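In what follows, chain A forms one complex with chain B and a second complex with chain C.
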Partner chain A sequence: MPDAVFAQAIGMCSAVLLLSAVLLVWRRAQVSALPLLALQGLVLAALVAVMGIQQGSPELLAIAALVALFKGIAIPLALARSARGEFGGAPLINTATSLIAMAALTALAYAVSSPLDALGSGPTIQAIPIGIALVLFGFLLLVTGRHAIAQLIGFLVIDNGTATVAILSSGGVPIIVELGVFLDVLLVILILYVLTGRIQDEYGNADLDDLTELHD
Partner chain B sequence: MSATAASLAFIQIVVMVLLTPLLIGLIRQVRSLLEGRAGAGVLQPWRDIRKLFGKEPLRAPGMSWVQAVGPVVLATSSLLLCALIPLVGTVAFPLIPDDLFVVVGVLLVGTVALALVGLDTGTAFGGMGSSRHMMIAALVEPTVLVAIYALSVPIGSSALSQIVNSKIESPVTVASPVSLLVLVALSIAVIAETSRMPVDNPATHLELTMVHEAMVLESSGRDLAWLELGSWLRLGALLGLIGSLAIPWGLAVEIAPIPLLVGSIMLTIKLTVLGCILAIVEVFLAKLRLFRVPELLAGSFVLALLAVTASYLTVPA
Partner chain C sequence: MATLLIAPLATCILLVLATVAFHRDWLNRFAGIIASSAVLASGAASAVVVLGDGELTAMNGLLRADALTAFMLVLIGAVGLNATWGSLAARDASEGRATTYPALVVAFLFAMSLAVLADNLGILWVAIEATTITTAFLVGHHRTRQSLEAAWKYVVLGSVGVAIALLGIVLLYSATVAAGSPTLSWTVLDQATMPLDPGLVRMAAGLMLLGFATKAGLAPMHSWLPDAHSQAPAAVSGLMSGVLLSVAFYGILRVQAVTDAVIGPDLMRNLLIAGGLLSIAEAGTLILRQRDLKRMLAYSSIEHMGIIALAAAIGGPLAIGAALLHMLGHGLAKSSIFVISGRILAVDGTTEISRLHSLLTRRRGVAIPFLAAMAALLGMPPFALFFTEVAIIIAGFQRGLGWVMAVAVALLLLAFVGLGRQTSNIMFGADPDHVGDLPGAAGQRDRSWHGPRVPLMIALGATGVIGFVAGPFASLLSEAANVLGAGP
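What follows is the complex of A and B.
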């Protein structure tokens, strides 16, 4: 792949990641957040695939296929099945405030990643702050979400962010480590998924404000 | 140099005046067809505007000169916008720079003229429409400024013709992250600025929800014709700007008959495609509550801001 095309592909993927994260925070209380999550997973897979083609490594291509399968299709589908309509109560801070907070978090991500300039100035290094911004967005979603599924989405965005940083900074970690982390995340998602279902069956909804007191 | 630039400006104005009523007719026709109505035909806006120009304006006693001057100011500012934005070709003007800030300033002059026309009649609906319009304008202008500023960072110039020129020269930058974020932000801003669907319903007959229509309720005859033509030209010019930034190829970089012809045809195609997309999207949207409009515009502003951050990031070291 020519360098200019590679730079374009990396730039485009990271831009769509950022765009999908912004739209995700925007629409997080609605079911339309799940297609955005799927889009983010697919773009992450595309990013891994671009790195794989550039380095000519079949391992990365296999990881890309796995990421597309799980993050792009399986997890959003599972969440969509358990969501059933709106995600309950409004988030703790309103949308306009959280959008402005996102702008501030992006600036923060760029500020803290300035030491990364020491790694060089390729297109992959320049896109790392976007991964860090994704992690911060995920924390924002986790902290301000009221509903179990909204928090799960936040958790997944954090995971997407760390995966982005890993793939961009080191060209991907060894496949064993990658698979280990991947299975960990999958396990956590499944546990949370089952837990959410139980909460929903027990209380009728999964609004976490109802879980502040202990019951017999 | 100034003669060629003037001729380009003249051509752009003529093409836009011919095209925009057809664009509006196309948007209405596509909407009608999708909603299962027959529609009035693509030429209906032309017929309307011809009829209105032939009628004398009726002005209530107590209306001031603003009622007569405002519509002409709006139309003039829109014509100036058509001349300044690189729609058919990209030639810089020596006298009036086609600078980003000049363009946004001209846009704002038209907005204020329209709001004054709405206020001048002293009716409740006119004032309500004007105040809503100014609120939206205050939220939209920063987005437009910041979004195009993001495109101007790598080039080092805020002249629109140079931005588009550099895109023609290096097609790689057309698909960059900055362009993507800017186009999304700019599209939302343009839809809000020209009173299109999620922000204002252009086909409404319910005064309480109107924004643009409320301001022109009391105008009639020639006044209304100028107001309508001015608003349509604004929509056409801003859609053309999005088209030029998204697909810069085909724009004339020199003043010669063939490039100008190609540029005009490309502009027609781009406006047709954008008009159809706008109409199709509008059919599937419900009007947003007025108090949720700032949320939408805050979102577009954040996207523009992210574009600026990303543009500083991707400057080649």
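What follows is the complex of A and C.
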């Protein structure tokens, strides 16, 4: 792949990743959250595929396929079924606050990324702060989400951010670790999914505000 | 020799498959005990080999055992054996419904063993995340609203916490890529020969510490711990409090050894001091307010992890050796007392402190081991925690952390008073409103242990004598401290 095309592809993918995360935090009309999550998964897969083509690594292409299959298709579909249409309760912060928070977090992501200069320069290194911004957005989703599925989405965005940093900074960690991490994340999602179902059965909805049994 | 490292993992895998496939009652009952024994035996055997000939490796270097690994295996095996054997009788009642229980316990032991055996930081991460996965449904085992809420918080906070650590690991890996030899292997990283970029390693170190500290229950990332440890069945609480926290802390110790060589000890030391003091303070102030026995014990675990964090901050052979011995003493005592709390729940139907009055006169057979385990946790001589706490405080003064130690001692006293007061309420407190509420009151003395005696006797006995007769253990501890770069 010519360098200019490669740089453009990386820039494009990371821009869409950031955009999808911004929309996830901003819109909060949860029905559209799942397509956005699927988009983010597919773009992440595309990013891995681009790196795979650039490095001529069949392992990365295989991982890209796995990411597309699970994060792009299977998980969003499963969540769509479990959410049963409604996510309940408005998020804890309003739209204006969340926009300001996202601006601040993006600035923070660039600020804390200065040590990454040590990795050199280039389109991949320059895009790393976007991965870190994704992680921070995931935290924002997690702490402001009042619904089980909303927290689950937050967790997925954090994981997507970490994966973005991994693929951009070093072309992916060793394959055995990569697969182990992937399996772990899938299992955690599965467990959260099952627990969400149990919460729904127990309380009639999956609004986390109802979980108030345990306190000091 | 490679079999020594593969054997415990293979045993666990076979047991998981067997329990899932065959549904034999005896297999379900004894699976946890067999798995723990295998881990303990492998730990003891590899300790002997490692002290003689140095490191062991297996599976093309994916698994490795040095003195620290061997010690951790012994810790996992010993605490696991105590928790699973000790709660044999109590388990029947709560089990019935879920046949996955024994398989999950064994898988949990597998994940912890893999975490300490892996020679690869990435696999360590995968294994630590796997401990969250295997324990999630164990925490939610009782299927009550409380246990469901605890399981949700536990999985969300636990996996988000370690996700932060993963980000740190990714950055450390990219630093090794930039230095020309991509690796996540401890063996290579420990040699500290690579020109890693300090800025990047600093960032990675902070993230990894934050992530593993969440799993190790250090304040202020501990909020999931009292919920999860109080809602899980007794054996699982014992395993989680007694050894899982230490396994997560093992990750911190290894990371600290690697990053200290690149960026110096200050960053990790300051973070660990802050986390350690905060943990002890949090536990010290909240123990007295707890109304549930198991929740109170969970806060006591936070206190002890704080002590271990301070020891890691101090560094050096004395503090690190003491920290490791502290893990063992705490693990044995805490798993014992959780097992006993399970028996109390089984016979009295509650772990609410206000309802557990005059336990000493009502149920001598449960109360006496409870008192012994509590004395061990309070750091009374002759129990090991007395010696390790003294050693850590002395090491702190020797290494110029006098003011930290002074604050720590004051906070420890607070925790001591809290635990002591609560224990005396349970043992002697006679609430006039409740007298006669519980069976066993008024004259009928219950001397039964309500479960196997031997494991508790061995565990508490070992905690009692290990401070004096460290023997071959001392060389394992000092060798393990050496591994972490704390050589004399």
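Here, the second predicted complex is superposed on the first by the 212 of 216 C-alpha atoms of A that agree within 3 Å, B and C clash if a C-alpha of one lies under 4 Å from a C-alpha of the other, contacts with A are read in each partner's own complex, and residues count from 1 in each chain.
The working rule: a residue touches a chain if its C-beta (ideal position, glycine included) is under 8 Å from a C-beta of that chain, and two chains touch if they have at least 3 such contacts.
Here the structure is a predicted model, which means the values were calculated and not measured.
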Mind checking the superposed model to see whether chain B and chain C fit together on chain A or clash? fit
Kindly classify A:V22 by the partners it touches after superposition: chain B alone (first), chain C alone (second), both, or neither? first
Of the two partner chains, chain B (first) and chain C (second), which one does A:T144 touch, if any: first, second, both, or neither? neither
Contacts for A:S14 in the overlay, against chain B (first) and chain C (second): which applies, first, second, both or neither? first
Which one hits more chain A residues, chain B or chain C? C
So, A:I191: does it touch chain B (first), chain C (second), both, or neither? second
Quick one: is A:S121 in contact with chain B, with chain C, with both, or with neither? Answer first, second, both or neither. first
Specify the angle subtended at the CA centre of chain A by the CA centres of chain B and chain C, expressed in degrees to the nearest 10. 150
Please work out whether A:G180 is in contact with chain B alone, chain C alone, both, or neither, and reply first, second, both or neither. second
Check the superposed model and tell me the shortest C-alpha distance between chain B and chain C, rounded to whole Å. 19
Per the touch rule, the chain C residues reaching chain A in their complex are 62, 120, 122-123, 125-126, 129-130, 132-133, 136-137, 140, 143, 145-146, 148-153, 155-156, 159-160, 163, 166-167, 169-171, 173-175, 177-178, 182, 184, 197, 199-200, 202-203, 226-227, 230-231, 286, 289-290, 295
Parts of chain A lying in touch with chain C, wherever the complex brings them together: 112, 114-120, 132, 135, 139, 142, 148, 151, 155, 158-159, 161-162, 165-166, 169-171, 173-174, 176-177, 180-181, 183-184, 187-188, 191-192, 195, 198-199, 202, 208, 211-214, 216
Please name which positions on chain A make contact with chain B in the complex. 4, 8, 11-12, 14-16, 18-19, 22, 26, 94-96, 99-100, 102-103, 106-107, 110, 121, 123, 126, 129
What residues of chain B sit close enough to touch chain A in their complex? 172, 175-178, 180-181, 184, 294-295, 298-299, 302-303, 305-306, 309-310, 313-314, 317
